[in-house]
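My questions all concern the structure below.
So that you can tell them apart, the chains are marked A, B, C and D in the order they are listed, and the count of residues begins at 1 in each.
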Amino acid sequence: MKSEIKIDPRYAETDQMGIIHHSVYPVWYEMARVKFCKDIGLPFHEIEQRGVGLAMVHMELNYIKPSRFGESIKVVTSLIEFTKVRMTFKYDVYNGLDELINQGITKLVWLDKNLKPINIYKAHHDIYCLFLEQLEK
Amino acid sequence: MKSEIKIDPRYAETDQMGIIHHSVYPVWYEMARVKFCKDIGLPFHEIEQRGVGLAMVHMELNYIKPSRFGESIKVVTSLIEFTKVRMTFKYDVYNGLDELINQGITKLVWLDKNLKPINIYKAHHDIYCLFLEQLEK
Amino acid sequence: MKSEIKIDPRYAETDQMGIIHHSVYPVWYEMARVKFCKDIGLPFHEIEQRGVGLAMVHMELNYIKPSRFGESIKVVTSLIEFTKVRMTFKYDVYNGLDELINQGITKLVWLDKNLKPINIYKAHHDIYCLFLEQLEK
Amino acid sequence: MKSEIKIDPRYAETDQMGIIHHSVYPVWYEMARVKFCKDIGLPFHEIEQRGVGLAMVHMELNYIKPSRFGESIKVVTSLIEFTKVRMTFKYDVYNGLDELINQGITKLVWLDKNLKPINIYKAHHDIYCLFLEQLEK
């Protein structure tokens, strides 16, 4: 499954080069993941209410073109790797002209309430199955 | 007592007007409060470790001049009101030329771990006394 | 006219008290102003393209209840004061249960490209008239 | 040359997991680059005053351990690749116990005022030479 989210860059996210600051994209990726979880029927705050968290372990971002305040951004998200302990999301960011302006991946591990890594297959089998179904081949 | 903190504006805090975005000042005020707590010998993370929190209930900010990336900012903080349940801090922000560029106040209430307001005089008398001593007349 | 915007709090906007950090509200107010401008037919980036800016000179925020990740926020914005050089917006922030959780105002002045205050009545009469029409009595 | 910067995590940078949010590290990397430029005698705002900018083209971050409000962070920065058009910085982030908690790299290209890539060797030979001297072998 591919999930999509529309984002209007905030004025506060611009910098004095007149573009959206590069540190904003990790936040957009996170919004895209949250939308992904909502789209598969398991809102992220419900995952947390079950005592499960996710920790970022690796992130890569490629900046192709700048984005600007006043245009509407689209992020397309897919799950490209998934194991019992870890998953990798891929993000394609498009500007108002539908040009690909940024691409990235994030690797996350499942955590319990004490921030210890868990095996989601064992700990919450339904969550494991739901995410596995979304894996892009 | 007056507490001082030096802050170097971050590039990410600039906006496309070429100045520090106005939403950054509440964060600088918070850094100034944290420095105040450190200066009186009670670091804020130690207050939290005792199960006590603070909630913002009112904030006012006056913007006099812009600040810019590349200059060093100074915030002078003082406690101007203090009761058993609430306190008011005042912040004077100076730019690299020592000009007053922003002034504000914040009113905060003491909370317990469940985010319920508490009477700090009753709950943690030593904290009450320590802050009371700092009150500017 | 009253303008409305829906905002989903971002995970990155939470703090270790488990609520949305108080410094996020000025950014939400700004998003609400940008939506206001869009709703009256004059997107803010078009105002800037005409060489006009706005500077924050005063902001007041009252925090009534916390907001949390996972709920949807609504901000209702109205223009409550308007002169040739300055305007005041009022913001009412509602949580997912439609409870008023925050209220604030911002005073802004019109600027030219060099960040000098201007008389918008003289400099851009059409912008002056458009905003004046929105004034809440 | 290795440059060092000390950073006190801000309360606003925590999230509801009780740790510093992962999106803060790109901002810390940027503060570390700005400190690097200051340490070699060419403050970043002076580079910009000469009409030169830098655009992020690639960033990678590895998160090893969380960081927390109340501890002091150290970032050690070095220049590990340098050509006429592009450079790569490496960042090692240490927590209050001097444990390595995060490692990353950023690739940046030189820009002119119109955000077009430039050859810094041709455009500003002194800047080229100064950075080249800092390259870690």
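Following the convention adopted for this analysis, contacts are C-beta pairs under 8 Å (C-beta built on N, C-alpha and C of every residue); 3 or more make two chains touch, one makes a residue touch a chain.
As the structure is a prediction and not an experimental result, all values here were calculated from the model.
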Average the CA atoms of each chain to get its centre, and name the chain whose centre is farthest from that of chain C.
D
Selected pair, greater C-beta contact count between A-C and A-B
A-C
If you average the CA atoms of chain A and of chain C, how many Å lie between those two points?
28
Can you give the whole-Å distance between the Cα centres of chain A and chain D?
24
Distance between chain A and chain B based on Cα centroids, please, to the nearest Å.
33
Scan chain D for residues touching two or more other chains and write them down.
11-12, 16-19, 23, 27, 30, 69
Chain B partner contacts - residues on chain A that touch it in the complex
11-12, 14-19, 21, 23, 69
Which residues of chain C touch chain B once you look at their complex with the stated criterion?
16-19, 22-23, 26-27, 30, 48, 53, 55-63, 66, 115
Give the list of chain B residues in touch with chain D in this complex.
8, 10-12, 27, 30-31, 34, 43-46, 68-70
